[in-house]
Every structure is written in C-alpha cells, then in structure tokens.
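Each of the next two complexes has chain A plus one other chain: chain B in the first, chain C in the second.
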Partner chain A sequence: MKLRKLTALAATTALCAPMAFAADMADEMTIVSWGGAYSNSQLKAYHEPYAEKTGVKIINDESSNEAVAKLRAMNEAGNVTWDVVDVVAADAMRLCDEGLAMEIDPDEHLAAAPDGTSAEEDFGELLVSDCFIPQIVYSTTFGYRTDLVGDTPPTSVCDVFDLEAYPGKRALEKRPINNMEWALLCDGVAKDEVYDVLETEEGQERALAKLDTIKDSVIWWSAGADTPQLLADGEVVMGSTYNGRLFSVIEEQDQPVAMLWDAQVFDLDGWIIPAGLSDERKARALDYIYFATDTQRLADQAKYISYGPARASSAPLVGKHAELGIEMAPHMPTDPANAQNTFLYNYEFWADYRDDIDAKFQAWLAK
Partner chain B sequence: MALTPVQNQTPAFTAAVSAAAGGFFGLFVGTAQGSGLLGLVIGAVLLGAMGFVYCNLLAQEKPVRWATVAVFAIAGFLLGGLPALVVGALFGWFAGWFIFWLATSSYRKHLPPYLTPGQVLWYYSFRVICGAIFVFLITPILVVMPLSFNAENFFTFTPEMLRFDPEGYSLKHYQDFFSNDDWQQALWNSLRIAPMATFLSVSFGTLAAIGLSQPHVPFRRAIMAVLISPMIVPLIISAAGMYFFYSRIGLQGTYFGVVLAHAALGIPFVIITVTATLVGFDRSLTRAAANMGAGPITTFFRVQMPLILPGVISGGLFAFITSFDEVVVVLFVGSAGQKTLPWQMFTGLREQISPTILAVATILVAISICLLTTVELLRRRSERLRGMSPS
Partner chain C sequence: MSDTTQTGPVLAADGTPLKRSLARALRMQKMRALMLIAPLLVFILLTFILPIADMLFRSVENRIVSDTLSETVVTLKDWDALGDEAPGEAVYESLYYDLFVAAEAKEHTKLGTRLNYEETGISSLFRGSGRKVDDVGEDHVKAIERANDGALKDEALWFEIMTGGSSAEGNTGLLDAQRAKLSQLTGDSFAGDIGFVPGAEISALFPRMATAYTDFALFTAIAEEDVVAEEDPWETVFVAFATAVQSAGGAEKLASYTGPGAAELTAAAEALAELEPISFKAAFLDMDEDWGDLGNWRTIQTYSPNYTSGYFLNSIDMQKGPEGAEPRPENQQIYITLFQRTLVMSLVITGSCILLGYPVAWILANLPTRSANILMILVLLPFWTSLLVRTSAWKVMLQQQGVINDVLVWLGLVDDAARLVMINNQFGTIVAMTHILLPFMILPMYSVMQTINPSYLRAAKSLGATNWTAFWRVYFPQSVPGIGAGSILVFILAIGYYITPEIVGGTKGVFISNRIAYHISSSLNWGLAAALGSILLAVVLLLYWAYDKIVGIDNVKLG
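On to the complex of A and B.
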C-alpha cells in the first residue's frame, strides 16, 4: 500500500514539477540534525524554502548525537537511510577518515559568494575536512546567574575556579575537552602554550589538579539542555554550555542570566553527505547542500539562533531576530566585542590525545 | 470498639516518642533548608516539649488540637506565605493528633492485648515503612504533574507556582503538544503502530498459548522458552539483532517493520496471560461442544474464546502499552518517518528540556491508569468466572 502511495506521489509530483525539478533526483530526503531550537532554525532558514522551491518532502531525524555510530551500523547493514547529516567538525573528520562520508569539492558543489568569491575562499580555513561543509560557528562558553553573583559579576573564565568570590555550584561538561584548557589557562599557563603543556603527563596532572580545587562544587552535564535548566533553577551560579542555548535562556526565556564570553571555545558544525547513496539521492543531497549553504541562507539561519554563519560573505547580512526583533550581531560569538579572548577547538590535538586524556579524566572523576 | 483496655501514658513516654517523630520530620525539613542536624534537633525539642505539655491537657483535647493547627499555620504563613500555611496547618494537625494518640494510648486499642511493646512497635513501623516505599515509588510520577502546568519553559517550580498564583500556571505546554507538528506526527505514529502491533501479538499469542496448552504438543517447554525470550533478552540486544536482520530483508525503516518488531515484544505478554487463564479452563467443555456437533472453529469462538477473553484482553493491553512506551527498538528498527511518542520524548529530553514532555507524560500516565484499571477489573471478572466453573 505504501509503495502504491509512493509511486502515485512520485507520478503526481513528476507531472506538476517545474523545470527545476530534475527527473534524476529523489523526491524525498531525510535530513538529520540535533533537534530543538537548532533544528527549528534550519527548518525555517533551509528546509521550508527548499521544499517550496523544489517540492521535495523533507523528513527530519534528530539523531546527530549518535550520528557516527548509526552511520557505521547503516554502512555495515548496507542500508544507508540518511541523505544529509548535521555533525560537529570532529565527527565529520572521523566519518571522513572511515570513508563513511562523501568528499566534497567546494568550488564544484557549493555556491560562490554573491560578489564572485569562490566558495573555497569564502569558507576559508573553516573547511577543516574534505567531507565537511561548515554551516555555523558556535562556541562553548559560560553563563552566570546575575542575581547570585553579588555586585561584581564575573569577567574572566578564571572566576569559575574562584570559589571564594563566587561560592556555589558550577556546571561543567563531563568531558576533558575545554575544561582542561580552561584549567591550565587559570593555573597561569600562557594561552599559546596551553596545548604544549597539555601534551605532557605533568601538564595533564596539573590541569586535573586545578579542576580538583572546584571538583566538589561541580555539577557535570552531558546534554546541551542541562546547563540552561540548572541556571533557570538557580541550582548553579555559572555553567558552560553552547552560546545559542544561553541566548535562548537570556533573551527568549527572560531568565536572570548573563554571558561570560571570556575564553569561549569556537567549534564548527556543518553538513556531511553519507557515502554510498544511490545516484538519485546523491544528486538530491548535493542540490540541497548547494542551496542551503549559499551566502543568503546561512545569514538567514542567524535570524533564529545566535550562531555565526560560516561564510565570510554572510556576516554583513545578519539581521534581526525573526520574532524578538533584536539585532543578532551582538549576540554572535564571532562579534568583535565577544571574541576578545577565544580558543578554536584544537582538532589535531584532540584527535591525537582524546582517548588518553579521556581515560585519565574519567578516572579522576571517579575518584 | 476497643479490643484492649488502655490507660493514659506517662508524660515522659509521650514526650520521648513525639520527640523521635519530630526529629524524623525535622531531619527532612532541615536537610531541605541546608542543615539536617539543626532540623533534627529543633524538631525533636519542639515536639518533645509539646508532648510533655499536652499530657497534662488531656481533658481539652479538641481545643488544644485546633490551637496547634492554628499556631503552626500562622507560623508557616509568617515564614513562607500561602504554601507554608497549608504545610504548617497539615503538620499541626498531624502533630496534635499524634501526641494525643500516644498520650491516650489509642494506638493499642485495636491490637490484641497480649502483644508485647516490641510487637506493637513493629506493627506500626511496618506500616510506616510500607508507606515510605509507596511514597518513594509514586512521588516522581506525581511531581511531574504540577510541573506540566508550568508557565515557564523549564522544569522548575517557580515562586509564582509555589504561591499558588494563577499567573504561574498555564496550559501552554498542552497546547504545544496538540499544535506542534512534531508531537502530533509522533502521536499519530504511535496510534498507528500500537493497535496493529497489539492485534498481531494477540492473534499469534493466543494461538500459541492454546497450542502450547495441548498436552500432546512435543517440546512444549522449549517452544515456550523461545517465544518468551523477547521478555528476557535485554532489549538492546534484540533491537540490534532486529536492526541488522530487518535491514537485510528491507524491513528496516518501514511501518510494517516497526509493527512486527513490537508484535514480537508483545507476544510473550499475551502468551503468559492467556496460558494463565487456560489453567482454569475446563477441557470437557470443548469435548461437550464437539459432542454436540460443533467444529473446532465454532468451538473456539463460541465456547473457549468467551471464557479466556479476560486473559486475552489483559495480554492485549500489556502488548499495547509495550508498543506505546517502547523506545529502544523503534530507535533501531524505525526511521524518522516512524518516530513514536517515546522517541520524541527521548530526543526532546536530550536536546531541549521542555515541559511539553511533562505534559505528554501526564497524558500518558492518565492513559496508563485507565488501561491498568481495565486490566484489574477484567482480572476480577476472570477470577469470579473461574470460581464458578466446575473443576
């Protein structure tokens, strides 16, 4: 029955389709993303206009969190059901290395900027993997309760480690990445030496020793929604999470929370196309990617969520929030006022040391 | 009527036991406020003193108890406003009742006179422990319900809610559930999958149970064990196995695939309940029917089925709930097109803690209560019927 419905659908769409609807593209696609407000921003900025333009039926899956494991399983079972997948850059690199994601040629597969700058130049150094099409720059940073910090709000990431000035619980992510860097930075290591120190056994011990000073006051989070909930509850005084989540807590939910942008860690999120799609589905996925990552579309997404567009040419086009009507530029992690002291997620370092440091971190947590 | 003649207790005894109870409550209140030890001491001293004093006021039980309620209510109101007033009044009522219950030895009235003090203590401790277990089990479910009427988008009891201010409450999360496409799609998928899976489980499960209850079937125990195995094997193992198997035969990510997977999970429940009803089924009835010229099919539908129906229905309800609540298997076997309610709740909890999940949970709890009530009523009916049938 389902098959008949599908063929009927295919027949009708084929008849009514405009010229742009090439016959050799699939007319249904599954797009995988993170869910929540983030998926919603993609829905508004990319999916809806694309569906309107082409008549494609887009199915949303919210499995990005387990994308690597699922793509491995799909590959093993010989049944890849996803067409376009939203992953963080580190996951994209793993998928690319394992041959589970398709390689992309930016200049062939992606739109050039309106002024003619090639896509490769427009994305610049954010093209961190051959399979990865960057979409947004987000950051992991701190938010604090304005009503629980007294008259002197925290201004430096090291205030997180200062239990005397800011007593109370803090929320930190339950993984070494970012926490180790912040710990070393606040233990007096110069910013450009952080990774040199963290490479060494003593450096790792040193970072853990610094974290040890606040361990009893830390609530460890693992999902992006945890810290906003803890902040809203007043359960923690400050906590790290993704900057878009904090934007939502502050501006949309009106909670007494403010941003601490110091030492925020930039990371990238973007698309990959799974390897091994049939020609029709691959053509459809590439067509979608071409549309969804052009300059205007990336700028549009910033109307719904405070993540910075990955193209240099999109930045001037970022406007006001679609519902709140506030200027979005000052809420972007990439805004000059916010980006005075930043890290970029060190993909190479963590690719080499992650397993090792993860083990030490977990052992330390269990102590 | 009193079983045991009693006399009033000494003030020392009343004061000591009240102090113990006061300490017990004080420990909880104190822990919630930051210092368990302080709460324990204050609670013990307060109730101990009250116990001692009230022993001398036994004649004026009524006015003293009302006064206690009033004093605690006012103290609560002064400390924490309207909600604390309610809590204070309840606590005052309890404290007054408890002390007089002790002082007049009412607690012994309904117990046999030969019980030792230790046995009396155990009699009441046992009830308190049972009550505590019950509270422990039920509180997490109850807490969800008021939170689902939260006007904020967090799992937080806001000050407005605690003040019983209507501003703090809203139905917006219910509205979100009924107007949001994602949730509606998930609800619709669940409603499409669960009944079909239930139908398959009930048909196959009932047939299997009847077949396996025939004494002449070979390897009955082995077959039974295989059929029941989805209940015993960890769900994640069955789910991973189904994923790879269904992928190969093209069922992964289809409606029918999810229905089949859920039917496999539901069949054991139906087999178990129907087998249990068949124990009380009198085989001479089928022989009598055959004797009167009814074929096996007629016999099944006209004689056997009506008698085992309660078992079939309760098995079906369990199968329905299994499918309706199931998240692991559907995450593996389904694709985004078959996203069910539990799946939506699961991803929702991870990505965005929204009270819409609580609203859905409240609705689901209500549905589950209705279904379980039905099961219980059917079980009673079946017991009644079984009692009537000749053995």
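On to the complex of A and C.
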C-alpha cells in the first residue's frame, strides 16, 4: 500500500515536473533565420513539431544575413528582441567574441545521441565556438552548365581558372574567403600549406595574381541566389555558390547544371542564443535548442534541403526528399563520393586575416 | 503738470516698463509657437539627430583600449615604439592583471576584434591568451596552496586576511576605485554592498594583492551574485603575493605584517623561496610568441588614447603609425578611389537625368491637363514599384543573355559571340540609377515650368527671335531653378545610393556607400563606417555650400 502510494506520488511528480518547468518559460519566441527554402526546412523539421509539442507561438524573422550588426545594435540599445538566431559559424564566433551570444555547454544543454554518446562527442570538431550549436554542414562549391562545357565537363576546381578549355564567364563571391584558397591551390600550393602561404604578403599577392588571370571573365556575386540565376540564364559557364542552391537548380528546376564537388569548402550553420535574455526567455530558447538539435530532428531537416546534419549520429537517419522522393544522401556535401577533396573553412585564420585580406582584395577588385 | 514730463522708461498699465511687458508678451507667443512644433522637434531629435550624432561620434571614440587595458596603457606610455626592443617586464606585469580581469569579464575578445582592424592577428592573440592567462605562475600558486598543509586553500582565511579582521580599518578608497574601473570595463554598474572592504594594513603592504582581491570580490558579489568569503580567490591574488614577497624588500614587508593569517603567509613565502620569481614577459612569450612582436605593441600604444584620428586616417587611405600619419601600402588603398568614383558617377547620373528629364518635363508642362495627367502617371509609375524590382528588371534587360542583347542579335546588329557587356560595370549603374532617380528630376522641373508664362515665348517670337533663341534666351533661364532643385535632389540621393550599385555595379560601379554598408553589417568596424559617413556628409555639405555660392540657393524652386 505504502509502496503504491509512493509510486503514484513519484509518477505525479514526474508528470508535473515538466509542466511546472514549462510555466517558467516564455510562451512566445522569435527565431531568426535566412528565409527561403532554408527557413522552410526549419519550419517543417523544427518549428511545427515544437509548436505542436509545447504550444509556443514562434515568430519567424528573416534577418540572419545582418544578424551580427543587428544584435550589436539591440545589445547597445538594451533591448534584445530575438530568442534564437541562425548564423554561420564565423558570425557565431564574432558574436561570441563580442559578448553578444551566450555560452552554451553542449553536454548540459543539448540532448545526447540515442545510443548515449554525449552531445559534445556527437558534434565533435564542429563545435567551433563556445556559443555555437551547429545544425548543418553546407559547402560552397561550383556548379557548371552541362551544355556549355563541350564534351569534357570540368572535373577539378582548377578548371575554373582555365579560360582556354572553358571559355565564358564565371561567378565568384565578392569576398576573399574561399577564392584565395582556390587560387593558391590551382597555383600549385599543396592543400595543407594553403594557409601557411596565405599568411604571408607574398602568398596573398600570389593568390590575387592567380585571380587576376580570370578577373575579366568573372561576375562577382554577393547573394547566394545570384549564381543559380546566372547559371539558369546562361550568363556564366560555372559559378560558386552553396550546394543547397545548386541542388534546387538541378533537381527542382531541372536546369542543365551539374555539380563540381572538387575542393568544396565545408562551412557550418547553426544556432546561437543572444546574451542578456530574461530568465524566462532564456529557458524557452534553451528548451527549443534542446529539442531542435537532437539526432532525429537534425536528420529530419535533410528531408527538405540538401545540407548535411551536424551530428554524426544523424547521418544514418537521412532519408528521402519529402516532395521529390529522391534519396538525399548522395546530394549531401558530406557523402563520401562528393567529399573526396574538401576544405574546412578555417575560422581562426579568417578571424585574424579577414580585415587585412579583405582590404587588399577590395583594392584589387577596384583596380 | 510737472509730473507728466517723466524721464524714466515708458510704463505699461500695470506699472512694469513697457519694454519688458512687451518682451514678455512676445515671449509667451514664441513659447506657444515652440510648444506647437515641440512634438516634431522632440521626435526628430530623438529618432534622427541623436542617433546620427552618436553614430558619427564613433568615428573618433576609442575608449575600449584604455578601458580594457587600463594599467597597461599607462606603463606602456614610456616604451620607445621606434626602438627595436619589446617592452619591459613592468608592461607585461600590468598586462597580466588587466588581461586576467578582462578575460573574467569576457571583454578581451572585443578589444582583440577592435585592434585587429589595425594589426592583423591581434584577434586570435587576445582570444588565445584569454584562455591561457590563468596558467601564469601556476607553480607559485600551487606552492602557496600546498604550504601549511593547504591552509591557504581556505576561502574564509583569505577573506579574513584581505579584510584584516572584523574590527580592522577599511580602505574604501580602493574599493571605490576598483568599482569605477570595473564598470568602465564592462559597461555595467558595480554599485551595491558586496560584504567586503579591503583592509587598510594589507593594502598598504601588498597593494597589488589587495587590488586583485578587490576585483575578485566585486566580480564575485555583483556579477556572479555569490558570497565573497565562500569562493576561491582568483589566481591573480596568489601571483600578486608571490611577486611581492619575492621582490626586493618583500620579506621585510611580510615580517612587519601582523594581521590575520600572518603565520600562514610566512610559511607560504618560505615555500616560494625554492622557486624563481615569476617572469611575466617569459610567461606571455610562452603563451604566444606574438607578444614579443613589436608591431602589436606599437598598435596598442598608438591606439591607447581615448580619442583617435585613426578611423579618419583609414578612410583617406592613410594609417596611424608610431610617428604619426603615413600612407597605407598601395595594395590597400581604396577609399579615395571610391570617393572620387562616387562623386563623378553621381554627377554623370545627375547630368543624364537633366538631359532625359528636361524634354519630358517640358512636354508635361505644355500639354493640356488631361493628357498631362496621363503622362504624369507614367512618370510616377516607377515610384510605386519596389526599388529592388526595378533594379532586378534592369538586370534582365542588360545582361549578356538579356532582352536588349537578344534583340540586337536578332536584328543582326551584334554578333552572337560578341554580345555587349552592359551590366556589372559603371554603365549598368548609371543606366539603372538614372532610371530610378528620373522622377526626382522631372517633378521639380515640371512644377517650375508650369509657372512660366507661355506669352513670354510668344512675345520673344513676335519680336523676331528664332525658336532656338526664344527658348535659350527666354524660356531656359526661367526653368533653371527647377533644374537646380532637381539636380540637388538627384545628386544627394545618388551619392548615398547603395543597393542598386551593389546589384548591377560589379566591381567598377560600386559606391562608397557599399563599403560603409560592409563595415556596418559585415566587418562590424563601426568606427570606420562612421568616419566614412562623416566624410561623405561633409562633402555633401561642402558641395551644397559651393552650389549656394555659385548658383544661389534662392534660385532653387520646387514649384
């Protein structure tokens, strides 16, 4: 009798505990992301199930491309209106450095993998900043027009620099990051020495000199949607952009475009929680993050967009595209067939050299 | 009758001098008028003028260095930046204490980001050192903790040593000074009771240790909301003690100390005797050899003052060196080019707007009202379309596989292999921006031309003038105020344009505003963005002034 009472009591406490906890959380939250197909994948994979589970009202904001500046302004004004923000890892590092994002202990705040592996181990090396919870691995890589390259489609990133074999315009991003690495790689620098070379004045000159050989044939893009558009219009023969954008040009819009995975640069995108939230909102944001970054949820997102989940344990769960019904695994940048020659965005290097090399790069562009 | 010939001031009915009474009545009126416009005035002040002034102020403000490294900047002042030796031990010692507190407050990375704008590599230097700074003097800290069977591991004992016991005289001056320093550093208030006052005796004997412990106490009690006496003191307290007793005269000082924990401290000092004194310089060089790099120290020294001309120098392709302003390396010069390009292209755009807009405005003004209204809608139509849509439409028109090229190829005017390049260059920017800004030129011209009496032209012709002479000598001079107004509008709008050049400008057709936007939203170098913005504002005001001198601002009419 006594035992039964005790179990009943334990059961009620167990039932009540999450509810009492929930009462201390805000019932509305603003989540900031990039918009478009990417936000849509998050809506389907995270927001809708989370809202269903908790009844929270989620407000979507599409300001991620100016998140760093806006968060700084909000912080200075003492009125942070965002609860969870989706940013690329380099921005997360800057927000962390500026004290604008909250530090998160993965093992304390994130779910462990289903087999019990701790979150820290599951994310592994992708935890590049103390404030950052990775969500997807995406890559910046080249796509090319299959009908404009003749019988020998490009196979190497250096074909971008080969104007004789592949005449026509190329689209490159209007910033030094990635372009400098590719230029050095194609100028004969070994892959593991690229950053050692790029650290030096001569190395930077060398990379710009290599870019100089194709400068007149380059259309510089600044928005991720530019290259897919330029490829679809036939304005460029090949161009760099995010792999998910190329996926939608190839598979969803059926354009004569193919992927050139060679020397793709991996980058991470994920969540940060702004510093200085009230306790209620912080609890809500952490609860959301715990839910949205577990193994299943990250795998679910890959049903809607071709970005690889950041957890090792999510990879085997990646299935088919929700609408097209095609297997998603071969379209992931992390798929072994695609990832034969890859780079990982060097966060430390670019945090240091970004301002300096950017000044040189812009001066070179303007010349 | 003698009392009517008064010599004093004229008085009003109530006996006050008329002058004053009148002034009061006028003042009341002025006040009432002011009250009426007050809402607008306050609104503009709060939402426009103050934020802009605050933003522009950032172009000279540079408190972050002296707030974060408050002691280092003082000791570094005497260092010879032009010599070839790194600073001495004293600078590294102050750096240790400054960096430790900054790292606890997580402010060091902000400073790293700030200084990285000037010297590449400082960002990771600060980030990395912030992680390692608590390892400085590790052996000494351990030795102190191990002495006396771990007596000095006791937080309560440290608390008693530092207060000097419950009845001891307190040093509130030190407490207030550190309070002020920490709130400067973090921007938060450190006011409030922390349950700790440093003892007067200990702060006189071991000032560095008392300062370190006071920082720790303030931080623990206010930022972390813990009880000071229950927390382990920072490593800085141990290091400060070790440095003090191992320096000259340290032993005597300790011997003269009679307060709480004297025996334990003496034992700890004996334990330290086996170790070499801490070398802060060696510790920092061990942390990261870049701490021996003269360039980094020069940058810190150059940017120590609270206000700097550095941002302004950067925005005219110069930089601040130890010997004053110097030109930037040639491969980094960009801003002067961009300013020139912005001005020249804005002038070209204004010119093409005049050429295209003048005939349209003339037709509008001379048509019967009904047809003029329909034409007017065509002029205003672009106003009702989103700027981005209009710009993107130009992309479709101008690109190599675009509408214009397709038509030209179809007509056989251009070879398919040699399609014209009309976008992603200056031409694209000029075309798109002329189209976008055209209504701002046509509208003021139109309203001025409407007021020109057609009988003047008829009179000129009846007096024998040709069509051209009548237009050039009679009509045109009267329409100049409209051109002036339109030109000022278009030019000032063009000079600050950014989204259109970004989309259609490629590399040669971008404006200075694109760099300002980059520094605001991407590199977060708000100081430089503010300096560039201030220069742009000054240039516009200067041109406005010149315009006023040459043409006269009275000659500008909007209708």
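The rule is short, and it goes like this: the second predicted complex is superposed on the first by the 346 of 367 C-alpha atoms of A that agree within 3 Å, B and C clash if a C-alpha of one lies under 4 Å from a C-alpha of the other, contacts with A are read in each partner's own complex, and residues count from 1 in each chain.
Just so it is clear, a contact is a pair of C-beta atoms (placed from the backbone, for glycine too) under 8 Å apart; a residue touches a chain by one contact, two chains touch by 3 or more.
Remember, it's a predicted structure, so these values are computed and weren't measured experimentally.
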Clash or fit, chain B versus chain C on superposed chain A: clash
Contacts of A:W220 with chain B and chain C, given as first, second, both or neither: second
First, second, both or neither for A:D233, with chain B first and chain C second: both
Contacts of A:W34 with chain B and chain C, given as first, second, both or neither: first
Which superposed partner A:A69 touches (first chain B, second chain C, both, neither): second
First (chain B), second (chain C), both or neither touched by A:D355: second
Touching partner for A:D83 - first (chain B), second (chain C), both, neither: neither
Segment of chain C intruding into chain B (one of 404-412, 476-484 or 530-538): 404-412
Chain B and chain C footprints on chain A, overlapping residues: 65, 233
Residues on chain A engaged by chain B in the complex (per definition of touch): 2, 30, 32, 34-39, 59-63, 65, 73-74, 76-79, 81, 223-226, 228-229, 232-233, 253, 255
Touch list for chain C against partner chain A, complex: 106-107, 109-110, 112-113, 116-117, 120-124, 127, 331-334, 337-338, 399-402, 424, 502, 506-508, 510, 515, 520-525
Complex contacts: residues of chain A adjacent to chain C: 65-66, 68-69, 72, 94, 96-99, 169, 174, 205, 219-220, 222, 233-235, 348, 351-356, 358-360, 362-366
List of chain B residues in touch with chain A within their complex: 152-156, 182, 243-244, 247-248, 252-255, 335-337, 339, 347-353
